[in-house]
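Shared between the two complexes below is subunit A, which pairs with subunit B and subunit C, respectively.
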Partner chain A sequence: MELDYEFMQKTFFEVWQGAGVTLSLTALSLLIATAPAFYLAVLRLRGSTASRSIARLYVSFVRGTPIILQILLLYSLLPSILNVLVKAAGLDFNIFESVSPFWYAVVVFSLNTTALLAEVFRSALLAIPKGQLEAGLSIGLSELTTYVRVIIPQALVVALPNICNVTVNLIKGTSLAFLMTVKDVMAIGKVSASYGYNYIEAYVDVFVVYLVLCSIVQVLYRFAELRLGAFRGNDWN
Partner chain B sequence: MDTRAFDPAMIVAVIPDLLRFLDVTLLVAITSIVLGSLGGIALAWMKLSKKRVLFAIAEAYIYIMRCTPSIVLLFIVFYGLPELLFSFFGFNANTVHRAVFAILTFTLLFSAYISEVFRAAYLAVPKGQYEAAVSIGLSPWQAVFRVVLPQAAVIALPNFGNATINLMKEGALAYTIGLIDLIGQGSLIIAQNFGAYGIETYTACMLIYWILTLLIEQAFARLERRLDKGQSFAVRDAAKKPGFLPNWMKGGEAHGA
Partner chain C sequence: MLMQIRGVRKSFGDHEVLRDVNMELDRGDVITILGPSGSGKTTFLRCLNFLEQADGGTMELAGDKINLASASKKEIASVRKKTAFVFQNYNLFANKTALENVTLGLTAGRGMDKAKAEEIGRKALEKVGLLERAGYYPAQLSGGQQQRVGIARAVAAAPDVILFDEPTSALDPELVGEVLAVMKQLAEEGVTMIVVTHEMKFARDVATHVIFMADGVVVEEGSSEEIFTRPKEERTKRFLKRVLPEDYEEGALFI
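So, the complex of A and B:
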């Protein structure tokens, strides 16, 4: 079999144009998920019994179901819900035409990432000895200040390798956004693949793009880890 | 758009229909896990070996698989492999069942994920265990198989359980190549209803997956307790019992503030 190298080259650059969508989807989802994830993590550690179990239920549900089903479900659910809300508010606004599927994808991946990050944050907070909080309080810092200036900086370093994992998995996960007709790397590759039946060429291109994206992200996280972890000495691990 | 009311009864009604195809989902998952574990053992062995070529190959394979979205690999295998087979061997793979492609893909992925689990578990058993076994006259093979591996297996168990659950969830992708598994059947049901009851059907699928995940988690937790032979759990349980020292004096507590 002859691979069509010319096609492969041409498609490679086309596919790269989707990298922006893939990365912005990833970054937005991570940003949106961070605050609620932290809240969930704190709830699971020190919330009331009811809020603890709600947080646990949410995390368990999201982690226990395939992301593809979450996409399929929310993609059929969200537009209708929004439509009802808009109608109820009496606005003349067509949801089905004017909301880009990109935003539905952001919602799906944010909800998913929230649960994953909550687990990461929880284990990172658990890794910080209780004495750190007590020491902060004993020298007169408020609880909030102790969290912001003492506990979170340490927990973040512990959490970074896992956050990196979540990010890489999220980049990979966003490849499913093509089911919502988002034009990311995978979607562009899929279109070019079926256009001339050049499946191998197109998907190998897509595969290379994801490989490069994930590698860059991992290198960046490694830098961040070294920098944020400077307080414990760079040769510590 | 006039919205039809959400019909919870429909969720229950489609579950029996969906469950008829649970065996396809489970078959794909279990076969991939078994084959992938064999591949994972081979990869872990390569990464532990002193031959640099083997190490580099395993390392590269694991890195690449870690960066590949499963759907991309699935499409490469499903669309690309038949072309390759045909042009090199003249073998017509179009008649091969779709499940085979799904199993092949998930085996490739799972072996990469699980090899790291196996390797870490093997390294977590102290070297003294092997030395002690050899010093009382076991052969090196016996020492590995009778002393080191049983302990490594227990250490690997929680992560193996996680990887199993992840694989089962990723197996849900198989419907995108037209395999009629749980979700494939779900979309068929939706199509038969002319696109209606999508939300209810997907919810039913999610519930089934959720229950499966919880069951697998439980099963692994039990297995771990059983295989542990009273080692780490005994220590943990003892720590919980009121002992000589009050709990706050033991120190090293976690930040469960």
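So, the complex of A and C:
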């Protein structure tokens, strides 16, 4: 077996051009998911019986189905639904041509990440002792103020390792976006490979890119955890 | 009369924790509540600050009469403004420095400006002997220091009365003294306190009035001298005999 190193080198830089799509897909999904995930977490902890069940149902739907199925299903469903809506509104707008598949990928991964982050937030909020809220109330803070100033900042630090997990899994998970013809790292690698059947070379390139991206993200989270968690004292780490 | 509490009742499920508890105190009083565990003393204290909601009872505090079972948000806020709570487990805000712990209630709770709050906060920390630890986080303080910050947080609010819930029970024995010393100093300065405690010496030496509770009722109350040297009720005698063997049977500690 002989590897085509020249191809490998050339492709390596091409594949990197997909890093922007991979990272923006990841960042957008995380950003969009954060607020609804927090809301779901609070619902599961403090909501009525009905809203608790709805929140739980949503989480188990997402966790109980493979992401590849969610992608295929939504990618088949969403454009058609949107098309019907646009037509019903009487607009002259071609959904199938005008909406980049990137946005469908954002929708799928946001919905997915919402469920995962909701669980992360829920367990982090549960990890903060009840006495913190009581202390806030006893000195005359409102419940909301106590959450904003005391409980959420602590819960965030507790949640960071798990948020890091979700992020890294999301970076890797977005590689499935090539199924929706999104031109991310994975898709570029596959396309380059298919010209001359240099699959091994291209996949090694893709492999390295994901490894580098995920490692950088982990270092950043570690740094954030140390900074934001400084109050836990030095002996904690 | 600063505070008058009448007919406090509270149940957890089928278990009746408080049955008609009454209490009154004047400004400058130090009331200690003694009793075996499970007697309801902590629950009683928590009801006064609405950390638990009582099933019945009234409280008159500095002229306002409030129903403990059905107080409005506004009434609860006004009570919390006039009282402060010191917790068994300190419950300092873990993500705030000692000084921020003391000032947060003033700034975020009462809208005081930061400079004024810090001035008050520093004075309060100085009072408990921890001014040089102002920038430390709770995780960097010993248990005794954390509880002293907890007391400073209560003092800074300038409440009419400070409620202490077993403030030394979670401390290592060698750290109990520093906390009790601060409390004693506050008592001497005339701060009004209600203290649930197992520290008999503190109760005996500092309290102006001692309440003995058991099974959700006040069994006996009186001056510390009355309770410790001439208890009337059998229940009180048995309790004191168990926690103060040396005063009742000479040499009991040596057996």
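Details
Convention: the second predicted complex is superposed on the first by the 235 of 237 C-alpha atoms of A that agree within 3 Å, B and C clash if a C-alpha of one lies under 4 Å from a C-alpha of the other, contacts with A are read in each partner's own complex, and residues count from 1 in each chain.
Keep this in mind: contacts are C-beta pairs under 8 Å (C-beta built on N, C-alpha and C of every residue); 3 or more make two chains touch, one makes a residue touch a chain.
Here the structure is a predicted model, which means the values were calculated and not measured.
Once the two complexes are overlaid on the shared chain, A:P153 sits against subunit C while remaining clear of subunit B. In the superposed pair of complexes, A:L226 makes contact with neither subunit B nor subunit C.
Applying the stated contact rule after C-alpha superposition, one finds that A:S175 touches subunit B and leaves subunit C untouched. Counted by residues of subunit A touched, the larger count belongs to B, out of subunit B and subunit C.
Once the two complexes are laid over each other on the shared chain, residue contacts for A:C214 go to subunit B alone; subunit C is not touched. Within the superposed three-chain model, A:G64 lies in touch with subunit B and out of touch with subunit C [touch as defined at top]. Once chain A of one complex is fitted onto chain A of the other, the partner contacts of A:S138 are limited to subunit C, with no touch recorded for subunit B. With the contact threshold set out at the top, residues 129, 132 of subunit A are in contact with subunit B in one structure and with subunit C in the other.
Subunit A meets subunit B in the complex at residues 1, 45-46, 60-61, 63-70, 72-73, 76-77, 80, 83-84, 96, 125-130, 132-133, 151, 168, 171-173, 175-176, 186, 189-190, 193, 199-200, 203-204, 206-207, 210-211, 214-215.
The part of subunit C that touches subunit A in the complex is made up of residues 49-51, 77, 80-81, 83-85, 87, 89, 91-97, 104-105, 108-110, 137-140, 153-154, 157.
By the touch criterion stated above, subunit A contacts subunit C in their complex at residues 129, 131-132, 134-141, 145, 149-150, 153-154, 157, 230-233, 236. Only residues 1, 3, 64, 66-73, 75-76, 79-80, 83-84, 86-88, 165, 169-173, 175-176, 183, 198-199, 202-203, 205-206, 209-210, 213-214, 252-257 of subunit B touch subunit A when the two sit together in their complex.
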